[in-house]
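Below is one structure, written out as structure tokens; comments come after it.
Per-chain residue numbering starts at 1, and chain names A, B, C and D are given in the order in which the chains are listed.
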Amino acid sequence: MQIKKRKLPKTQEIKLAKAPIKTVLSQNIVTTENSDQARELYTQGRYGVMLNSGKVQLSLIETAYLAERGAVDVVSESNRKVDFEKLIKKATKLEPNFWTRYCVFKDIRNRGYIIKTALKFGADFRVYDRGVKPGEDHAKWIVYPVQEASSLTWYEFSAKNRVAHSTKKRLLIGVLDAENDVTYWEIKWTRP
Amino acid sequence: MQIKKRKLPKTQEIKLAKAPIKTVLSQNIVTTENSDQARELYTQGRYGVMLNSGKVQLSLIETAYLAERGAVDVVSESNRKVDFEKLIKKATKLEPNFWTRYCVFKDIRNRGYIIKTALKFGADFRVYDRGVKPGEDHAKWIVYPVQEASSLTWYEFSAKNRVAHSTKKRLLIGVLDAENDVTYWEIKWTRP
Amino acid sequence: MQIKKRKLPKTQEIKLAKAPIKTVLSQNIVTTENSDQARELYTQGRYGVMLNSGKVQLSLIETAYLAERGAVDVVSESNRKVDFEKLIKKATKLEPNFWTRYCVFKDIRNRGYIIKTALKFGADFRVYDRGVKPGEDHAKWIVYPVQEASSLTWYEFSAKNRVAHSTKKRLLIGVLDAENDVTYWEIKWTRP
Amino acid sequence: MQIKKRKLPKTQEIKLAKAPIKTVLSQNIVTTENSDQARELYTQGRYGVMLNSGKVQLSLIETAYLAERGAVDVVSESNRKVDFEKLIKKATKLEPNFWTRYCVFKDIRNRGYIIKTALKFGADFRVYDRGVKPGEDHAKWIVYPVQEASSLTWYEFSAKNRVAHSTKKRLLIGVLDAENDVTYWEIKWTRP
């Protein structure tokens, strides 16, 4: 769970000087406090979705990322502290591939990209180019996180490429190794 | 929780010009005031069930939907206001998957369909075709709401299909993503 | 390995009255004898590809199917008999998912359809409508064979649908159970 | 084994009007006759290596390619004719994946590229850009031919990438399907 010590682009960085934002975990939904600092999670970092209430709703993966960095504090509905480890445990119960997905999410966020769900495109994540925010332009990549010890068939490989091609995005495979490092391969169908 | 700004068919639309209908939450049951406006929830929109008392009893999901649109005001038995957020919290304690189910309910209602519980059919929801009201004709679909990062065995998949087949309804899976959007797939058992 | 005793449409049926066609297995390639009967495998049943030599090259799956029906006899390059069981063993060494894929292939062929590889479309198989031969018209379905005890994520599910949509084919999942029966589900993305 | 009817760039094309060149197969080595026409195989098409004797030594794969096109005639050391089919059989005994490798070799050659062994780089083949001949410039790709139904671990995938990266070439995977068509994917290791 080593956080990579990379320099992040200014606009992505969360001011850690401030006190952590209070958030409440309710099953697989996390809601922030109602504050300007919380809303900046969405307006600056494009975490979560903005609620009518003025709070921000975060996914488990986003919450884990922010919790590990100390940017949010998580409590249960009965106001008990949910630390990072407990959060991972809870999330893994709900989402079997959580850890693999989390590590890839974290690594990409740490490199200064905004990464969001790509369910409707047929992939785990979509990633926007540096400096681009969702809505301003299309995502550049779709990303599939896999675990190093898994294997793949060429049919699956071909399917991922077809998805990327049909959504006009580049295909990125992020392979998580046993040391929680991610190796990326960009793949493109070609007719030489 | 952004409400999608779709145009709803006239008959489905709740006249928001009117004052919100008073409702009382008691555990997981919500009862409306005794008024013509309340009864229209049932007669026009097919929300809830009509009680002998002339009041309408709403489910938590229906209440949340109406509360988010400003069509009802909810108070506790001790007459304390229960706003939308509090309602979601209470509901999630009673039904862990409430949020996923709520988002799918809302999305389908917003598209102009009447959606009701399908417990007795073995599913979460049943959905009537546009313009059809419960009692006039059979429901067209049964709907299972799931969360994007969950996973599924083929046994579970098969069970859902069996239920749909045996109740002569179409099977709809509604997958909720982290941006609260729902993607639908219609599935049918086939012997090619 | 029970062969289903379904009546096959006339045009698909291989005249079993004739003696089996001689074929030679060389690694994962099978080549038939040079005879009219062998060429009918291709011209009538659309098995394999036609070679310049006038022989037909069959895939392991096609060969296993024809061998199980007694339509071909297989020998090794050193002219030793390779019976059905041995063939399955050899094939499984080369292609880990062979048995699952084989059972789905067999079941679909038995139902009177022509089924071919769909690697370039991003799926295992493509299937032509009854009476349609490759080249005459497009395939109707893409088919993914899976094993009942495996599980799937909604991202994978979405990817399969995206592939089907972008190739303008219908999506068929064939789930193989422990009794070698295949259950099919046709899935389509929908916006209700 | 349908040869694709693509137009080849002039410089690659072998003048088929001429009589086939005589070659002798001895185990896995093929040697041409001593003639200007034979030497053109090397000087024009970069097939094989030039021997001091003035003959050209061809690999099995090159020989099969030229034999299938009618550019060479092959005889055994005892002067018996070895036709294309027999050549493939002999080659497959020596190299189990010969057919897969052959089909990819042929497809790339047919597209107008010079393709040579890459054993010393740690891959099956290296491919030069169009118009480039070995010695003039470095090869552009290394190519791994695989069979569609095989499967792959991420470790193997990573190894192929490492080889490409360390030899400063692009990585191309050529996947052969049951219809002898090859689909290509170019892969590159990336740090996004």
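By definition in this document, a contact is a pair of C-beta atoms (placed from the backbone, for glycine too) under 8 Å apart; a residue touches a chain by one contact, two chains touch by 3 or more.
From a predicted model like this one, the values you see are computed outputs, not experimental measurements.
Touching chain C and chain D together: A. In a homomeric contact, the two copies may use the same or different surfaces; for chain A and chain B, under half of the interface residue numbers are shared, pointing to different surfaces.
Between A-C and B-C, more C-beta contact pairs are found at B-C. For this pair, chain B with chain D, the centres built from the Cα atoms lie 63 Å apart.
Centroids of chain A and chain B (each the mean of its C-alpha atoms) stand 30 Å apart. Remark: chain A and chain C have CA centroids separated by 40 Å (rounded to whole angstrom).
Centre to centre, using the average C-alpha position, chain B and chain C are separated by 44 Å.
Residue numbers of chain C whose C-beta contacts span two or more other chains: 97, 119-120, 153-155, 158, 161. Taken as a graph of touching chains, this assembly fits none of the simple shapes: it is neither a line, a ring, a star nor a complete graph.
Per the contact rule defined earlier, chains pair up in contact as A-B, A-C, A-D, B-C, C-D. Residue ranges of chain A in contact with chain C, taken from their complex: 97, 118-124, 144, 153-155, 158-163, 165-167.
Across the interface of their complex, chain C is touched by residues 1-3, 68, 84-85, 88-89, 92-93, 96-100, 147-151, 175, 177-181, 183 of chain D. By the touch rule above, chain C contacts chain B in their complex via residues 108, 111, 113, 127, 141, 146, 148-155, 157-158, 161, 172, 175, 183-192.
Residue ranges of chain C in contact with chain D, taken from their complex: 26-29, 31, 48-53, 55, 57, 59-62, 77, 94-98, 101, 116-117, 119-120.
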